[in-house]
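Below you'll find the structures, each written out as structure tokens.
There are two complexes below, and they share chain A, which is joined by chain B in the first and by chain C in the second.
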Partner chain A sequence: MLASCIMTRGNDPFIDEQNDPVLLDQWHVVASIAELRRGPVRTILLGRRLTVAIRQDQPVAHHADGAAAATMLHLEYVWVCLGQKPARLFDIPELAEPERRVVHAGSFGVRTSPPRAIENFLDLGHFPYVHKDFLGLEPHTEVPPYRVSTEQDGQELFARDCRFFQPRSAANASEGFIVEYVYRVPHPLCAVLYKLNPLDRDRQDVIALFCQPVGPEQVRAHMLVSLLDDTSDDAELIGFQQLIFAQDKPILENQVPLRLPLSPGAEVPVRADAMSVAYRRYLAALGLRHGVIAA
Partner chain B sequence: MIRLHHYELSAECYKVRLLLSMLGLAHETVQVDMYPGAAHLSDSYRRLSPLGRLPVVEDGDLVLDDANAILVHLAASHDPGGTWFARAPGQIAQWLGYGAALAASLGAARLMDCFDTGMDSAPLIARALPILDALDRHLWLEAAEGHFYLCGTGPTIADIACFADTVLAEEAGVALRRYPAVRRWHDRVRMIPGFIVMPGVFPR
Partner chain C sequence: MTRAGWYPLAGAGDLAEGHIVDAVLDGRALAVWRGADRIARAWENRCPHRGVRLSIGSVVGDELVCRYHGWRFAGADGRCTRVPAHPNSAPPSGLRIQARPVREAAGIVWCDSGEGSEFVEPEPGIVARPLMFAMGLVALRGAMLGALGGSSAIGEAWLRASLPHEAGGWTVTLLLRPAGPHECWVHGLVHAGAPARPVAIARAQTDWLAGVRRLFENSL
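What follows is the complex of A and B.
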């Protein structure tokens, strides 16, 4: 009786997904430096239990049997690579600009596939419905055309010239305006959003989502925000991003199927969503197997 | 003015936000970075709540750091109609206790999963299920009598105390299919004037 009303967690029989060579050779965030300052973190990456810590300013990660995993400190986080040929890890150079605050906004468990979490982050079409009164408002539901391109030899995906009316685009926004966006996908499970600042509309806020693949249907989502905002305190900045993310969480957890279908036409979006199609194509070109339904 | 110290994703804080809205009480809010900042454990916050509890309400000289205590205070001092608590204090207090037990089991399990603490929430869920069973049975029997709220024919703070964690049950991995009376009661709470949502809670 107990089992019947507890929803199944991403405990998966498809073991080869956890050995997806594309993801084994990528670096993945496993914990924020902020969290590690309070003590070691036990977490799961691609089905493998890891203990992560910072010792004498150096990140360390160990498997359950004591074997060490390769680690790197980068962008407020500890990253781990499980494979033999670690891929190049991307940078977000904008974060080094002066006057910028860079804040870790939390690591959240979400019962969905890692690609679904990224696809949702890239989707402008859901704003008026899921983030009503914040990132969108009916009847402003139309997504104007934008430009999609792959760069860096197919390793990075961009959407440029995205525009969308937002009633309250950030913690410090006092009025609605048409926000300009650039989306960047520099890693199959990481996405960076550059967004016009509500007060200084020549400069950009940066919001990044790093998805740690716990398993094909379980994500640990790390959120980084870097805003040009000297009026809101950290609690307000973090609170705003968490509110937006928490609105997405139940949507993500109830999506059917939880894995992202890669075959063209598997899910025809109601609104032509060029970035969603491009992201699926980008994953298919990389040969990703984890958390997807292959074409 | 009433000042509420709260955290957006906390169901305990949602209880207080709900009642403030349903009573139409003007108030100011202070966001507390409970996660990841652990600001509720800071020295400055502990001057308000020595145990670092959320939410806190300051009303004049009174400082309360317990959701049930705040619900009782607001209903007793700021509800001119006297319908939210005074009608059946003993019965309502019992359900406030159930609400606290739900927060300590279902609510704690939800936050454990949400903040990805790596801890096993199954023992907490096992404690929550008998409470959900009791709630469902009570609501079913009461509805058969024409009582559509936990304590009679109108909403009380008992409803608020038990609504928040149960409406978010799926985020703790508990499906509400088995609790039809609870789901029908959720819909009635959603229709109370002044009802507001939090992330994970959907309007009717």
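What follows is the complex of A and C.
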């Protein structure tokens, strides 16, 4: 059934990647609840056309031939699994803390591979160049050493003790300071960032990026923000995240190749790229084929 | 692959100091740029760090700066001179951008698609804006020779033709650059002496060439 739903135009060179067993058995975001409130959403997941809706508070998703796909409501989104053995879906327990606002900040189409989009989200060194005056500013360009670890039997990847000077780290930041970050990769195409709140520096803002693999070189990136911010309204929070993402998009669409190369010699990392190196190894260890160039 | 030789990448006047343009020659993507030393260069259009096209970067002095992480590469030899994430460490040794042979002549920046090809300088003229044709070099050359009355070939990649009488009737040299198997860029030199308004003549050439392209596209 699944194979018949894949869009094929002649001999689709992506067909193996669209049937990557690693991703078929994962849950993937296909639409935000906010988007579905406005009506059904037609989208593409791993090359398959889906129609997604919420009916009587239950998420439903259908293939082009009418067959139903497995769905789940989780963290402001509808998730779909196309495989027979759905993987456990991760949680972000911090979002349940009181006083938190959890806002869907947008779904962005980007012409790149899903892993390139995640790797960019895990990157500190680009802040003074791509997000100048917001997340970074010369001469504060140094990326100090941070700790990388795999946890949960290799299912999750962490970078801890990340520090970086940010002139305007969030919509409600009034001055620059050294922001402390923790990055978490609990899913091959999802990443969560915990960062110190600019006003209450004992608490953490949470920003998550969920990449919907449309195809090996096309992604819909869904961004969730949960901030301890009672001064900015939702439009300001969303506007800030969209501004940042709009700065990343032209970079992502100008990487050659668009697929992430997993071979250690394909690109030249430095110490600041320890998380990128670890993420590529993590994907290689999972056996991911979609959107990557295997080692 | 077409025959190795010198092909036009850009008008020299379009490549001002501090500018970068991208051009593809025989499937090879190039960042064509000019630093403060006024030298035009054609580099592999890819930062070795994360693969970002260098043509979306910037020029600082005689160096090209990658837009993603600010890595800097020296114009003189393509070596990486600065990795801002580690300002107190030496950049990875041996890291350098591959440069292609470049020369400037007749108001055009040229690149050798091979090594040590013989350079033949065309008759000077007013440099017109290049246009892309969705055809390979051999097919486009043949189509032009067939469609443009009075045209003649000069070697494998150049043609001599004439603008229509109402566009001044000037003689033009068309210089074809193969970008890929089905893509060619056509640069033009209009032989109109030293007119008062060269821009108007260049524009007349562009309008005529765009008309030729429309003709070819409609007959596909």
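The criterion applied here is as follows: the second predicted complex is superposed on the first by the 280 of 295 C-alpha atoms of A that agree within 3 Å, B and C clash if a C-alpha of one lies under 4 Å from a C-alpha of the other, contacts with A are read in each partner's own complex, and residues count from 1 in each chain.
We take it that a residue touches a chain if its C-beta (ideal position, glycine included) is under 8 Å from a C-beta of that chain, and two chains touch if they have at least 3 such contacts.
Computed from a predicted structure; not experimentally measured.
Look at A:L243: by the touch rule set out above, it reaches chain B but stays clear of chain C. Ranking chain B and chain C by residues of chain A touched puts B first.
By the document's definition of touching, neither partner reaches A:D205: not chain B, not chain C. By the touch criterion stated above, A:E142 is placed in contact with chain C alone, chain B being left untouched. Applying the stated contact rule after C-alpha superposition, one finds that A:E217 touches neither chain B nor chain C. By the touch criterion stated above, A:H126 is placed in contact with chain C alone, chain B being left untouched.
Shared-chain residue A:S107: touches chain B; no touch with chain C.
By the touch criterion defined above, A:T43 reaches chain B but does not reach chain C. Overlap of the chain B and chain C interfaces on chain A comprises residues 250.
By the touch criterion stated above, chain A contacts chain C in their complex at residues 124-126, 128-130, 138-139, 141-143, 250-251, 254-257, 261, 267-273, 276. Across the complex, chain A is touched by residues 29, 45-46, 48-53, 56, 67-70, 83-89, 92, 95 of chain C. Chain A contributes residues 2, 4-7, 9, 32, 34-35, 38, 41-44, 104-109, 111, 220, 233-236, 238-239, 242-243, 246-247, 249-250, 253 to its touches with chain B in the complex. By the touch criterion stated above, chain B contacts chain A in their complex at residues 7-9, 31-33, 35-39, 113-116, 118, 122, 125-126, 129, 170-171, 173-175, 177-178, 198-200, 202.
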